[in-house]
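Next up: some structures, all given as structure tokens.
Common to both upcoming complexes is subunit A, partnered first by subunit B, then by subunit C.
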Partner chain A sequence: MTANITGLLKLYYWNMKLSVSRSMAYRFDFVIGVLTSILFSGTAPFLQYIFFTQTKGYPGWNLDQIMLFQGLLLLWLGLRQTLFGNVMNVAHGLVRKGDFDRLLVKPYPPLGVLLCSGFNLKGIGSLISGCVLTGYAFARLDLVPGPAEVLLALASFACSIVLYMGVMTLLCTMVIMLVQVGRLEELVERLLGFGDYPINIYPKLLQKLFLTVFPFAIWAYVPSQALLDRLGSDNATAAVGCFAVFAISVWIWNRSLNRYTSAGG
Partner chain B sequence: MAENDYIINVIGLKKAFKVSKREEGFGAAIKSLWSRNHETVYGVDGIDMKVQRGEIRGLIGPNGAGKSTTIKILSGILHPEEGQVNVMGYVPWKERQKYVKKLGVVFGQKSQLWWDLPPIDTYALNREMYKVPHKRYLELVDYFKELLQIGDVVHKPVRQLSLGERMKCEFVCAMLHEPELVFLDEPTIGLDIISKENIRKFVKQVNQDLRTTFILTTHDMSDLENLCENVTIINKGKVVYDNGMSRLGHYFSKKKLIDVQFKEPLDRGRLDEYTLLSSDELTATIELDLDEDDLRQFVYELLGKLPVQDINIRNIPIEDVIRDIYTA
Partner chain C sequence: MFFLKAVQTNIKQFMQYRNSFLISIAIHPFILLVNIFLYRSIFAHNGTEEIKGYTLSEMIWYTAGITFVWIFIWNFAERRISDYIVTGDLSIHLLKPINIFWFELYSAVALRITGILLEFVPDLIIYSLIYPPDFLTALSLLKFVVVCIMSFCLFFLINYLIGMTAFALKSNSGLNEFVYISMNLLGGGLIPLDFYPAWLQRVCDFLPFKYIFYYPIQVFLNKDSVSSWGSWGEIVLAQLAWIIGGFVLCHLLWKVAIRKFCAVGG
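After this line comes the complex of A and B, so read on.
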């Protein structure tokens, strides 16, 4: 198990190196991609700013706090795009060309190989914007979080990665087994979008859901609460939920893989 | 021969697929939304097969015969319903991860090279995947580069390579971890005659140098004739021939083909008494059944009856033998 994880981390590193080399082969596309990403990632905080200043805002959040939330959200979106932005492209490519069998003749778990092929340098734009905005919000809030708060925020990012791997696993299972999943991916994206807002704007039932079964609050809400030193104990369920989603998705993947029939040829 | 001399040992292998069936028409398409009929089809229906270590075995059959399914089960990709499979001491689908470390696969129509990068970068990735010691990796890359004459090629982006160059690089990719067994799925498809020759030379050389066992699926008979001593023919999920290539050549030993060239244009009516495979005014190919006619007598009479300028007697081509087996 440990050997498997170490092997997969090394594989991820190698895939990342090749992915960077490939991006460098198309330098113009890479530069344009990063610039566009920085430009567009700035629109969401700007819209939030307009919304916040023109309305009553979100209950329990002032402008600087919401800026921190937006900064962390951008940071997360950039991180997930960088780490796993290519996974669905690879999955679609494998299915379209009937190449999924190739993963099964590699000495690794096929799901691991798929997730390890996810590195996408284009996410770096959002990552940079997120860092800048978070830094700015820290300065505005005059925030000096203690080590415990920082650790909690980092732990919630780690849980976010686990959760996102679970979501990717479910989507890949559907793409590979059903081939045509049409707009299901779009639906999942919309669902994930619920985590892009502070969850206290939702009704109580949804708040519970986003902290347990669909713990999307873990992306930005939980780490910002941690850094603002107002994390409640109920937020711990979100971390458990992330691992549960991942475990269930891996179980579904393995069951589907045993029933995999490949394509003709 | 001792059992452990066999690298592959397959007994009674069966694999069923559930195939959905639908009536023709729009109504049936709508109905299929909530109700579908399924039929169970055996893609592989009781295959027995043994392959010796160090052999280059041809595995052929018409499209849909079950050879790809067999290869996929042997690679650990598919789980069979019935049967025993032992490859290099492993049950492939149960011990897949360990087993594939000793396995190489080349798909003629699919690439494992990174399209935008030079092959040497993919080799480095494979080195990491298969944990090939760095020194050995460098030795092998040099060995393969020399053998395939791809010294410069491995440093150019894959998208700039010709199909022949790319296939050579694919082979290196599949061989870098020194697999004991390699599945070659139509490795010469689409290649020109020179590239085919190079690939065949490479397979032969590696087979000799590293004692690698190759299982070759192909529709190109010259691949079989040049590389394989033994061939297994699969049709409708069953093994219909499992023996030497040379014996395949004698499959129709009681039949001969006689190519005749005439001195002058000939009236077709004069050939009516013969079994003709093809003919025009100046040439004819006649099939002769040795159970019914004596070859010497037949040729003697032919020379007497017709204005023959040249004559050539040959066996039935291997392609025709295989076609006959496929359609049996």
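After this line comes the complex of A and C, so read on.
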């Protein structure tokens, strides 16, 4: 088990190096892509700015706090695109061409190999915007979080990665079972989009759901609450939910892999 | 003849991926649901019936209107034109008996007819069941369809111009994304322009983007400012002016660019 994880981390490192080399081959396009991504990631904070300057905003948040939320959200979106942005492209490519069968005879688990092939340097644009906006919000809020708050925020990001790995695993399962998933990814993206707003805007039942069964609140709401020092004990269920989603998705993946009949060629 | 064949082919392609179509119908209500929660929360927190001249129902339907406008205007002309130029396939198209501009326009129209029939109509029914539009009348819907057709032409011309930049830039994906963001931001494709500060609204007045999103959605919402025939006619005329300007610009730039075009590959 430990050897497997060490091997997969090495594999991730090698894939990362290859991805960076590939991006550097088209430097101009890469730079334009990063600049556009920074610009694009500015639209959501701009919208929030408009909401909070032209109206009273949402309950429980002021402009500076919502900027912290947006900064952390951008950080998370950048992190997930950087870490796993390529997974679905690789999965589609392998399954359609029949190359997925090769993964089955490799020494590492096929799911691990797929998740380790996701590095995408284009996520760096959102990461930069997220860092800048979070820093700006910290300055505006005059926020000096203690080590416990920082640790909690980091832990929620770690849980977010586990949750997203679970989501990716479910999508990869769909790809190996259906081959052509069409706009299913878009549907999942829309569902994940519920986590792009503070959960206070949703009815109580949905708030509970986003902190338990579908713990999307973990990727921006929970860390921002932690840094603002107003994290409730009920938010701990979100962390448990992340690991539960990942465990269930791996179980579904393993069952589906047993029924896999190959495709492409 | 080509136009009818293009429509037929697009419907066949659409039907071939029925699952995608069903998923697309399932996707759009999620956008509406998020916006219902978002605006309900904002309106409740503000304790007011109207914000910037919009009621809760109008704000929710404004976001639905954005989805509808996208269904009417979406096309890939910019990607197709730049692909022809970069791959050298343009030389093959130049030999065809139909002008590439009209070929692309017919293809885009065919694509949108399918989209309107199989996405706009079901979406409008589903959305209306979720959140009934108390402002909508048959006449305002008809007026909306007309301005959306004009928006489609305008968006097609913008896309065509972006596609032509491949003559000079080769890879124009960055520029394309930039225009896409600007169009959303400055055209009312994210939020009504009335929420913007006055200076930004003034900037938007000088750009064609508000005639793609903002005004068609105002017509859809049957807002007082555009409900009379006179004001509706003014919008259509302004759209027409931008379309004529865009068409002339496309034509002139094409003439200049095609003289310097050199095909490699294909």
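FYI, the second predicted complex is superposed on the first by the 262 of 265 C-alpha atoms of A that agree within 3 Å, B and C clash if a C-alpha of one lies under 4 Å from a C-alpha of the other, contacts with A are read in each partner's own complex, and residues count from 1 in each chain.
Note that in this section a residue touches a chain if its C-beta (ideal position, glycine included) is under 8 Å from a C-beta of that chain, and two chains touch if they have at least 3 such contacts.
Just so it is clear, the model here is predicted, and its values are computed rather than measured.
Of the two partner chains, subunit B is the only one touched by A:Val105; subunit C is not. By the touch criterion defined above, A:Pro59 lies against subunit C but remains apart from subunit B after alignment on the C-alpha atoms of chain A. Contacts of A:Asp229 after superposition: neither subunit B nor subunit C is touched.
With both structures placed on the common chain, the touch criterion links A:Lys97 to subunit B but leaves subunit C unconnected. Applying the stated contact rule after C-alpha superposition, one finds that A:Ile32 touches subunit C and leaves subunit B untouched. In the superposed model, C is the one of subunit B and subunit C that contacts more residues of subunit A.
Residue overlap on subunit A between the subunit B contacts of one complex and the subunit C contacts of the other covers 26.
Partner subunit A is touched in their complex by these residues of subunit B: 17, 64, 68, 72, 75-79, 96-98, 100-101, 103, 105, 107, 110, 112, 114, 116-117, 121-122, 124-125, 128-130, 157, 185. Residues of subunit A that touch subunit C in their complex: 26, 28-29, 32-33, 35-36, 39-40, 43, 46-47, 50-51, 54-59, 180, 182-184, 186-187, 190-191, 193-194, 197, 200-203, 206.
Residues 17, 19-20, 23-24, 26-27, 30-31, 34, 37-38, 40-42, 44-46, 51-52, 171, 173-175, 177-178, 181, 184-185, 190-191, 195-196 of subunit C touch subunit A in their complex.
Across the interface of their complex, subunit B is touched by residues 10-11, 14-15, 18, 21-22, 25-26, 97-99, 101-102, 104-109, 258, 260-262, 264-265 of subunit A.
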